[in-house]
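Chain lettering (A, B, C and D) follows the sequence in which the chains are written, and residue indices restart at 1 in each chain.
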Amino acid sequence: MSPRPIRYGMVGGGPGAFIGPVHRMAAALDGRYELVAGAFSSDPTMCRAMGEELGLGPERVYDDFRTMAAREGPRPDGIEAVSIVTPNHLHHAVAKAFLEAGIHVMCDKPLTTTLPDAEELCRLSEERDLVFCVTHNYTGYPMVKEARERVRCGALGVIRKVVVEYSQGWLATLLESTGQKQAEWRADPERAGLSSALGDIGSHAHNLAAYVTGLDVEQLFADLGTMVEGRQMEDDATVLLRYVGGARGLLHVSQMSTGERNHLRLRVYGSSGGLDWVQERPNRLRLLSPPGDVTVLYRGSANLTDRARAHTRLPGGHPEGFIEAFANLYRNVADTVLAREGGGAEPFADDFPTVTDGARGVHFIQSALRSAEEGAWVDASYEP
Amino acid sequence: MSPRPIRYGMVGGGPGAFIGPVHRMAAALDGRYELVAGAFSSDPTMCRAMGEELGLGPERVYDDFRTMAAREGPRPDGIEAVSIVTPNHLHHAVAKAFLEAGIHVMCDKPLTTTLPDAEELCRLSEERDLVFCVTHNYTGYPMVKEARERVRCGALGVIRKVVVEYSQGWLATLLESTGQKQAEWRADPERAGLSSALGDIGSHAHNLAAYVTGLDVEQLFADLGTMVEGRQMEDDATVLLRYVGGARGLLHVSQMSTGERNHLRLRVYGSSGGLDWVQERPNRLRLLSPPGDVTVLYRGSANLTDRARAHTRLPGGHPEGFIEAFANLYRNVADTVLAREGGGAEPFADDFPTVTDGARGVHFIQSALRSAEEGAWVDASYEP
Amino acid sequence: MSPRPIRYGMVGGGPGAFIGPVHRMAAALDGRYELVAGAFSSDPTMCRAMGEELGLGPERVYDDFRTMAAREGPRPDGIEAVSIVTPNHLHHAVAKAFLEAGIHVMCDKPLTTTLPDAEELCRLSEERDLVFCVTHNYTGYPMVKEARERVRCGALGVIRKVVVEYSQGWLATLLESTGQKQAEWRADPERAGLSSALGDIGSHAHNLAAYVTGLDVEQLFADLGTMVEGRQMEDDATVLLRYVGGARGLLHVSQMSTGERNHLRLRVYGSSGGLDWVQERPNRLRLLSPPGDVTVLYRGSANLTDRARAHTRLPGGHPEGFIEAFANLYRNVADTVLAREGGGAEPFADDFPTVTDGARGVHFIQSALRSAEEGAWVDASYEP
Amino acid sequence: MSPRPIRYGMVGGGPGAFIGPVHRMAAALDGRYELVAGAFSSDPTMCRAMGEELGLGPERVYDDFRTMAAREGPRPDGIEAVSIVTPNHLHHAVAKAFLEAGIHVMCDKPLTTTLPDAEELCRLSEERDLVFCVTHNYTGYPMVKEARERVRCGALGVIRKVVVEYSQGWLATLLESTGQKQAEWRADPERAGLSSALGDIGSHAHNLAAYVTGLDVEQLFADLGTMVEGRQMEDDATVLLRYVGGARGLLHVSQMSTGERNHLRLRVYGSSGGLDWVQERPNRLRLLSPPGDVTVLYRGSANLTDRARAHTRLPGGHPEGFIEAFANLYRNVADTVLAREGGGAEPFADDFPTVTDGARGVHFIQSALRSAEEGAWVDASYEP
């Protein structure tokens, strides 16, 4: 028997959005979801236009998310899950409304703009026994999963050093002053939260390193910079990390590194080996050996672990990309939702970033902001 | 108004198939297709299992493609298009049946196993005014389209030399003797046609070079090899090309190049520049300049031509892959189908490989087989 | 008329040394030097063995450097220059002895183990009007010189961010406890000075960034780690930089990054472009443009600036490496020495790291050590 | 005891030459040679200018090579070896003159312009028991030697396919009509011999493949092209190879591939693995494994074979290049010459391309020219 598709709705993702369409493509790719409702924009005209474009019945297109939650919850054919792709400042309220309506949540990152908000979502999703995925999508790549498995099985020995970088150049000019929608809200403290670079991409970098290494940050020292004149928040950040157990880390992110596209890279060095993964060449994982030789594993190889192989669709040499990785989150959430209905659990169904991971990310951002303000090392340990 | 999704069916693509799921994902990605019918396997049990897995009603799952064509054609809610993903020897009969039922066709390559069969499909699709796409999917990549535009606008000057290579290693052992489904039919002359390497991957290489350069082959010299003992058809082929107008080409393909994954690469050298595209790094196009410096263009760049930009979904640095390129064919076919209903034509809607391109491919394979048999240069010019 | 070869001697570089032979090959490559004297080892037997191996007359092989300086200085055919390739703690005394004997100096880095020592050498070389080169050899690469020129001519706009990394893995084990000669002295505070990673490779990274950007460090924050148990000095260091004028920098070096060979990389981001140079692929310079496209310049290209072209020997595609870059320092010193005899000055003859650059490096190391000790930002401005 | 330097002279290599300085740097690098005589140019003024620039006594600078051979042969301090770096048409006469004078020979490639000439040099060097090295320098790279060893030890299984390519773009225009010295003689049948692309770079490609695989060509089919108008000889060539034992090969070279610098690449595919070496990244050897994963070996690694390690000077990550590889030929010849004096033989001293390899190259070129003329496969087997 085939798994039935999950009925889902979307909040945000109206005309001109970037991440909304990504969620929709990720949901569509494997045929595991059916989009049946949405509150796509706070502008009713744009909202309806998007509903129509997506082929939704007008009664399932809502002017505001609260109405949507209120109506979809009780409907027998109501949505089972919601994708939240609004600017950051709305994540909390939207997620809360849908959780309270008994609806599973896929929420973009960062989870919230304050830690108490994040923790409230943790509590709510636990109380209601609802699935809550925060789309730290980069951990959806099969070769990231392979990296995680290699670390876990001890192939690198004891982890000593982590270097994670996320460099972009799209904000090398004051783009937010030109009316560009993405830049506008991401650079606006009202909508993005207290942080720009750290919130938008630092949270991904932090999550990626945590996912692969399994290490928790104990202390950190952060240095933030605003390098483009007229900008309100930081567009550059470096964070020195001390992990529980003694490993050291370096996390650096930038939105004003002119000419960089989306350069997320993770390197992990252990006592007996190293690894190197670059998001812009995601089908590859480089394993470094002590004499300096490198084994390059490719997605699709028969040498990969079960976890990596379970998250890929094509043979080696047929590149998978960003959407496929994103779709892995959606697919695992679908499997998890169905398993709760009593279906058998798929292996690795629980392999997606949760609301707790989201809270960890918020805590990390806040700790970094505090360190930067104090110009000092701060305690960054956290147990959500 | 949103474009409505096209109702489509599938022939082939049952359990364990490789290319069937690719077509389904490509069709699903943009929400432009709805799978409503299928004849997935000649084994009725497997066929039904696949129909169920895909959520089709039992009355839309057919034991044989002829019944499917006969019933779907007249239904008011019948399929408008069919995807043919069977072994090669069936392409002709299946395509013919659906064309005769007035249904548009997406057919995997090579189009047919004989030239007369290919030409019959050309005629039929023209007579019935039906859309017929042969899924030479590699031309769906945005950076291949960029390459085409750069050649067309004269950036390379007069084309002098083309080197196109397609190397794989998956048939470096006698895999077809192990029961592996893919290898079994592709290495079986009854099902694959007269050629293995040339038909399976040589046809892609030929199409890619033709698409980018716009050049027609005038003469060729082919040398085929069967390097794995026990194999019935060639697993290695080199073809020397003379293009109309004097350029030279070298096309070489292999299925037994141990360790190669899916190494399709096109290089074009002109009087004032060169270009280099590698399928395993598809988001990149290298432009070679006379002093030896290289400009690397990336998908998503603002510097790309309209054609390339119209065929991409994500910003730079967010890798797109094989499925996205494949989906570009599906999307353009959908636009073309809808335009025939009177909708406005989307720009570039006609940018997909047609039945005529398919016939060119079959002619190329046959010419190469003839040259190899004769050990001599042969005339390879063709006007379908 | 040909430039006559410079007579030179060497202190250090006995059997088993790494950098001594490099200096000899660098001096030999262009035929601009003649090795005529040496004090190769503090062990007289090894010293004499090396002298013999190098074909020196026994009277020109000295048991100690002081005797060598004392005798070579007055000889009419005495050495004009000396190469100092001893462990760090001897640099000062050796350099001083030869300067006082009126002999030009090529000294390995770091210049000295204390700043007063470094400054004394600055004074001495200036008073005696002697050439003093500190072999920060990485600035000898033609593509590093190209990078410098591109920055100077404004191709990147205003510099905003510098990322320089130097990662090695050779000390990922406690190699110094195994009798390995290189590791032994470099990890020994008595011979290496107060720092290991910073002194050995951090000083190169600092010099490279300074050479290319022309920026001076104003403040820094350093974090040092000793990650291999039993080690006496740091094998990992991260330094946050604030440059005069407001640019930010990140310098990170490691000797225990398992699997890294000699990964020195410099990236510079400005308001209108970026650049990226990697020592392990030294014939290349990547120029990053705002839309994310990359121009890759190659050594030997006709597009390079005069400075780069003056420091290369072979056409493009014929790789030059470490020794050739090193030899560029030697050649420029030879030109400078001869120019002082009244010969015409060669263009770019003064393009080599000087004793002043060496003092800057020592100051940088000391500032970083101080910051790490205090756990605070420190003033790092320096005018030697 | 140190090996004493070999006294050598040079024929050709006057002002403006490319390969002459390369030979001189290669000879100088390791201090194993001393240049003491030369006939650098047929123009006496230029010849003397070069002699002076190189610091030679005027009595050791000769207006013509015959006088040089006649005088240097009998001198007690006469040259022991000669480097021949003239245009191709002179190789035979010069080499013959020096062999007859009892002098060892380093001769650039191709060895001669006719096979009988080549064979005469084989006979002469054997009769006189003189060392004769033809500078197919690419086999001097350590990672090429590693490739050879890996093939020899069976790591690839039975060799099935060889792809060797040598693409350049420097003759993409009619450079020979501009007075450029290199282009002028290499494109002139009188001085280059009957072939341009095949002779200049095809001979390197052939030699490289033979060195690594140990396979002999049995049959070949060649197709030559002259793609730049006004050119007298071929600037593009493709040669299909059948090796003794059944492996197939593809050799393609070009001088008009606009934008290529010096792209020599060798790939070898066997029944159980593959390898890939690219001259422009010479410190690397890629080993391909059946599932498509790749092990990248780097020069300097402790994992390399003795042969590779014996031909390298620097640790991993410190790039070696073209000159270092070239110098390996010179060093091995020096070891061989000294061993004949009764010194102990160094391991791998005989690892350089000999006059016999040179004759094989000439035979290969002639076979290819014949095949191209006949438009047919020809027997290419040869036992010198």
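The rule we apply is simple: a residue touches a chain if its C-beta (ideal position, glycine included) is under 8 Å from a C-beta of that chain, and two chains touch if they have at least 3 such contacts.
Because the structure is predicted, anything quoted here is derived from the model rather than measured.
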| item | value |
| --- | --- |
| A-B or B-C - the one linked by more C-beta pairs in contact | A-B |
| Distance between chain centroids, defined by C-alpha means - chain B, chain D (Å) | 43 |
| Where chain B and chain C are represented by their mean Cα positions, the distance between them in whole Å | 55 |
| Centre-of-Cα separation between chain B and chain A, whole angstrom | 34 |
| Sites on chain D at which at least two other chains make contact | 260-261, 292, 294, 298, 300, 316-317 |
| Category of the chain touch graph - line, ring, star, complete, other | complete |
| Chain D residues touching chain C - in the complex, by the definition given at the top | 1-2, 4-5, 18, 21-22, 24-25, 28-31, 52-55, 168, 170, 260-263, 279-283, 298, 300, 313-324 |
| Of chain D, residues touching chain A in the complex | 291-298, 300-303, 316-317 |
| In the complex, chain C residues that touch chain A | 156-157, 160-161, 163, 169, 172-173, 221, 223, 225, 227, 236, 238, 240, 248, 250, 252, 254, 256-261, 267, 269-274, 287-290, 292, 294, 375-377 |
